[in-house]
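Below are structures written as structure tokens.
In what follows, chain A forms one complex with chain B and a second complex with chain C.
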Partner chain A sequence: MNLVEKILARAGGRASVEPGDIVVADVDRLIMHDLSGYLTAKVFEDEVKLPIRHPERVVMVFDHHFAPATERQAAVLKSNREWARRHGIHLFDCGSGNIHNVAVRRGLIRPGMIVVGSDSHTPVHGVLGALAVALGNDSHAGTVLPYGKAWFKVPHTVRIELDGVVAPGTSPRDVALWLVGQMGEGSMIYAALEFAGPYVKALPFWDRWLFPLATVDLGAKCGYVEPDEVTEAFAAGLPGAPYDRMERSDGGEAATVRRYDVGGLGPQVACPPTVGNVKPVEAVAGIPVQWAELGGHGGGRLEDIRLAAAVLRDRKVHPDVRFNIVPASREVFAEAERSGLVLPLHEAGATWFPPSTGSNQAANMGAMAAGEAMISTHARNFPGRNGSSEAQMYLASAASVAASAVTGHITDPREITADLDRPGSR
Partner chain B sequence: MTKTFAQKALERASGETGLVPGQIVDAYPDLYMSHTASWRCIRTLERMGVDTLYDVDRIAMVMDHISPANSAKTAGDHRLCREFAERMGVSKFYDVNAGIAHVVLMENGHIRPGQLIIGTDSHSTIYGALGAFGTGVGFSEITAAWVTGKLWLRVPESIKIVIEGPLPPGTHPKDIMLRLIGDLTADGATYCSVEFHGSYVESLSVSERMTLCNLAMEMGAKNAFVPPDDVTRRYLADAGVEPDGYEELLPDAGAEYRQVVDLDGRALAPQIAVPHTVDNVVPVDEVAGTRLNQVFIGSCANAKYDDLVIAAEVLAGNKVAPGVRLIVTPASSTVMSKAASDGVLSTLIEAGATITNPGCGACAGNGGAMADGEVTLSTANRNFQGRMGSYQSQIYLSSPATAAASAIRGSITNPQDVLR
Partner chain C sequence: MRFEGRCWKFGDNIPTDRLVKSRYVFEPMEEIVKHVLEDLNPAFPVEVRPGDVVVAGRHFGQSSGRAIATKALRATGIGCVVAGTFARTFYRNCFEIGLPALEIEGIADLVSDGDQVGVDVARGTFTNLTTGVTRTVPPADPFLLEMLQEGGLIKLAARRPELFGSEAVRSS
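Then we have the complex of A and B:
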């Protein structure tokens, strides 16, 4: 059995499972953000009307709002707070950070866990060797909250092996974007994706993160990186360590293996209107942008902020651009400040957002007007997601975002600075 | 004839002499400030069908309210302003993240003693901190000034406030102003020029004088004024203003005042404005223990660098109480830089504050909205019912010290109890 099968077998109380089996499993962690959590709580209170079976396993993070602009938004947050307090679940209020980063950094996601969440990017936690799946709000309200359980069909596994040395100035984010473009959106419906191969295994933890993040765009059920010494070392540093449930595959060959050569790959951009519309940065270089943002599920890590600082050293944000920097968590922001990164980026003209999902869906602020364009590290670029449906969103690496913020148009980061070597671009 | 500051300032701006209170004059402002509402001025100009401006160098635009934009509509408003500034050559254009207009314009040397400044913001009285005559007007009046260069004003009567200090530890200019507004009431200085004098005022930094002049609006003042002195001159020099680039106007000894108020600050206790008016002021101790959901340290009244230092001193080594949100919004980009360079920002972050980008933030409804039944303690200048979200929520106003102490305890707290 592989990692996914082992976790499901254990959680279902079985000796073994096979793809296609239906398993009713005990859920170890449910994570919800302020928008989905509100909807889930409403269904739970209106229709289900039972106690929460394991409140200590339930986590809510306010990340779409950091300081709500309207009374209606404030009422949603107030309702969430009261619900969380009444049931005794974990609550992380405004300014804590992005749901997935907060859950990991607070030690609430552990290797071997079954993690479910209403955010479609929940499968990102496969990076820690967890089985992480996005379910619907009603599933949480109907089975996870009252019974602590969810049902799963055991997915078939596809191993995606990446090998090769990418071109200098190319980051794992570029590779992940490129992979979605190569494989195609919705091409891996209900599969478990194992991200493997020498390229992936050489990456540090936070860079590996970007691959299971792409799971939902490929249509897969979950994604993971087989736990190894990188996983162990990272997990050992988290609150609540050590963990005793690190599952590993038995070593059998996956039924399906897809191999990709990333040798010489350059920076990539996912162009409107969907994440699968991926082009080499050269193909879209020169398109004017009024916004640039480091943040969302694909950015805002300390590594991204360091990189932005490197790009902006002795440079300024272009006067026509608003460059938002959104730390992924309060810890990242505090560390950025301690490391002296806040001041130079601020003085270069960047706007620091509170730790959150930033301008995602323009829930709190950061909306675009018709005809404007943004380049960002966000996970989605659908029309109308950040304000006007006539605005355009381009998804790229932190380096490309920072470089474009300097020039005012989509820019190959290699034109700005030659010293952007990152892990993986050996 | 002896003259008040207001008489002298309006004589200078109108070119007339011998002005007396009550007289109406056409005055030529030195600067027309418009904030995010500039888009309204631009639309008004379009409706007027005019495209020649009196003096584009007197226009200052600052995108401080709802900044960054929170909807496609407001994003479009910002863009309209940007494009207008570019097309017309508005050099004093400050975009998202620059900070609150008043503070940005003073820090950047655009406000000078003796000048007449009009702005699309009621708290334009703040410019009196540099010895200028600042007053708030509507956006259509700003548009008219863009075109004609002038505006009619009635010469105000003057009120002289004489404050003696020093204040006890834990009390600040905000406490003095709240006490004064409480005593004089919200219409106690309607259409008056409020002059601040006395040993306490002389001891204050320009930033602290901003708090006095800003809040003078809340007693109805037309403008406010602190006599320029060495403190003013040093501030101006730091802002790049040459000493020969302005003319200090001082009231004459023996000038005629409608009222003289003597205030002894030496025994003042921390003050707080309770819902729902700014003049509903009591000592903090009277409402101590009132539970809070949110604390906001921001606005042109109290989010300057020294305000953040006061808050950080109280918060250092402490954590925001569970269940309380602390939002800190630096007044300007320069304030943010200073706080990020000397550990003040770190202290605020470590204490659990949510730092939002420089600008008006929650004070102008872009953040910090409240639901029914919630309570905020704010360092801003208005606590009107429904100003921060629900009509069924409550706003208290205090100094940054009281706000920080209350954030730690989770309820309204006299900062002297925490500092002690």
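Then we have the complex of A and C:
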């Protein structure tokens, strides 16, 4: 069986499973953020009315709000806080960071786990060799909270092999955006995606992150990188008890293999209205932007902040642009401070925001007026998600975001500096 | 699970954000339902009638796992939703909240907005009553159809809790 099949068989108490089987399996971790958690808690209290079977497995992270801007938002957070305390679940309040980064950094995700959550980017945890799947509120309220279980259809698996050396100034974020454009949104519906090949296997942990993150927009159920020494070394450094379940595939080869050559690839931009509308940066260079942001599920990593600092060295943010930096976790902010990145970016004109998921859905920042545009490391660019339906969101690498913040329009970072291929930014 | 009504046709890759915009998520359902899909067809939330059928292209319900998108669509009174393909969390949510859904490859080529259509979700049959075109596909998994018949996952779990205390529902 491959990794996904092995985990589902173990958690379903079965000797083996095959694609197409429906399995009811034990859930090891449920993660919710302040918006999905509120909706799930409401369904659970209104319609289910049972105790939580395993409160120690349930995590809520307030990441869409680093501070409530309205009375209604404050009431949502208050209700979440009271619900979390009443049931004894893990709670990470405003300012902790992005849900997925916090869950990993605090040692709550382990290789071999089944991880579920309503956030559609929950599959990112496949980067640690977990089976991570986004479910809806009613699965969480109806079976995960009261029984500790969820139903799953065993997916077929597609292995995506990436090989080649990208052009200088091109980051793994560019490769991940390009891949979605090449494969097409919704092209991999219901599949499990194994990200493999020499390009992926050579990446450090936080750069691998960007590939399972892309599974939702490909339509897939989950994505993962087969655990190896990079996974082991990263997992060994996490807080908490040592893990004892590093599952590995033992046959059950992926039925389908898709190979992509990333050789010579340059920076990419996902243009509105959808994440699959991906173009080389040259194709959209020159479009004015009023907002630039490092943040969200795909950004605000230390790697992003390093790239931005390299671009902004001896340069200033353009007066027509607000460049906002949202660390993905408190740990990232501390690491940025220790690396001497905080003050130079501040002095270059960038604004540091609290650890959170930033402008995602514009819950407390990131709303745009009609006719405005943002370039960001966010995961989504659907119209209306950040204020006006007539505003435009462009998704790019941290280097392209920072370069655009310098010029005031979408810019190929290679035109600003040749100093982008630093350790950890390959 | 048979429905007959006006076809409301939508395109490919429609995200849940366009079914229910983020700003309405915490509003009462009576308010949310007035805005479902309004950016793509302002007439839809105003003129939709009970039993009407939403037909979409590929990858309908892209992205968010929020069941509120499926609940809002159900609250408009439509009988069912038919699409070329569904985003998987959206498809799962349809059955879990009791909104009948049927996947028919290429369905968008078989209908125009405003056609009268008939759908039997349990049998997997589709008829465009305006043009006479028909299609038959394998219906959804029996486990999912049972969930629909119960009115959703929470009701199914309440009536048959042993499903979630035992090991497996069904093997292929």
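By definition in this document, the second predicted complex is superposed on the first by the 417 of 426 C-alpha atoms of A that agree within 3 Å, B and C clash if a C-alpha of one lies under 4 Å from a C-alpha of the other, contacts with A are read in each partner's own complex, and residues count from 1 in each chain.
Operating definition for what follows: a contact is a pair of C-beta atoms (placed from the backbone, for glycine too) under 8 Å apart; a residue touches a chain by one contact, two chains touch by 3 or more.
Computed from a predicted structure; not experimentally measured.
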> After lining up the shared chain so the two structures overlap, which partner does A:E282 touch, if you call chain B first and chain C second: first, second, both or neither?
Replying inline: neither
> Between chain B (first) and chain C (second), which, if any, makes contact with A:A334: first, second, both or neither?
Replying inline: first
> Who does A:V43 touch here: chain B (first), chain C (second), both, or neither?
Replying inline: second
>> Under the stated touch criterion, which partner chain does A:R14 make contact with: chain B (first), chain C (second), both, or neither?
In response: second
>> Per the contact definition in the header, classify A:D228: touching chain B only (first), chain C only (second), both, or neither.
In response: neither
> After lining up the shared chain so the two structures overlap, which partner does A:I189 touch, if you call chain B first and chain C second: first, second, both or neither?
Replying inline: second
>> I'd like to know which partner A:A362 touches here: chain B for first, chain C for second, both or neither.
In response: both
> Thinking of the overlay built on chain A, is A:G136 touched by chain B (first), by chain C (second), by both, or by neither?
Replying inline: second
>> According to the stated criteria, A:K149 is in contact with first (chain B), second (chain C), both, or neither; which is it?
In response: second
> Taking the contacts chain A makes with chain B in one complex and with chain C in the other, which residues are shared?
Replying inline: 362
>> Which stretch or stretches of chain A touch chain C in the complex?
In response: 12-14, 18, 20-24, 35-36, 38-39, 43, 47-48, 72, 76, 117-120, 122, 134-139, 141-143, 146-147, 149, 151, 153, 185-186, 189-190, 216-217, 219-221, 274, 276, 361-363, 380, 382-385, 389
> In the complex formed with chain A, which residues of chain B make contact?
Replying inline: 66, 68-72, 74-76, 78-79, 82, 95-97, 323, 325, 327, 333, 336-337, 340-341, 345-346, 349-350, 352-357, 361-362, 365-374, 389-390
> Which of the residues in chain A end up touching chain B in this complex?
Replying inline: 66-71, 73-75, 77-79, 81, 93-95, 290, 319-320, 322, 324, 330, 333-334, 337-338, 342-343, 346-347, 349-355, 359, 362, 364-370, 372, 387-388, 391
> Which of the residues in chain C end up touching chain A in this complex?
Replying inline: 12-13, 15, 17-18, 21-22, 25-26, 39, 58-59, 62-68, 70, 85-89, 92-93, 96-97, 141, 143, 152-154, 157-158, 161, 163-172
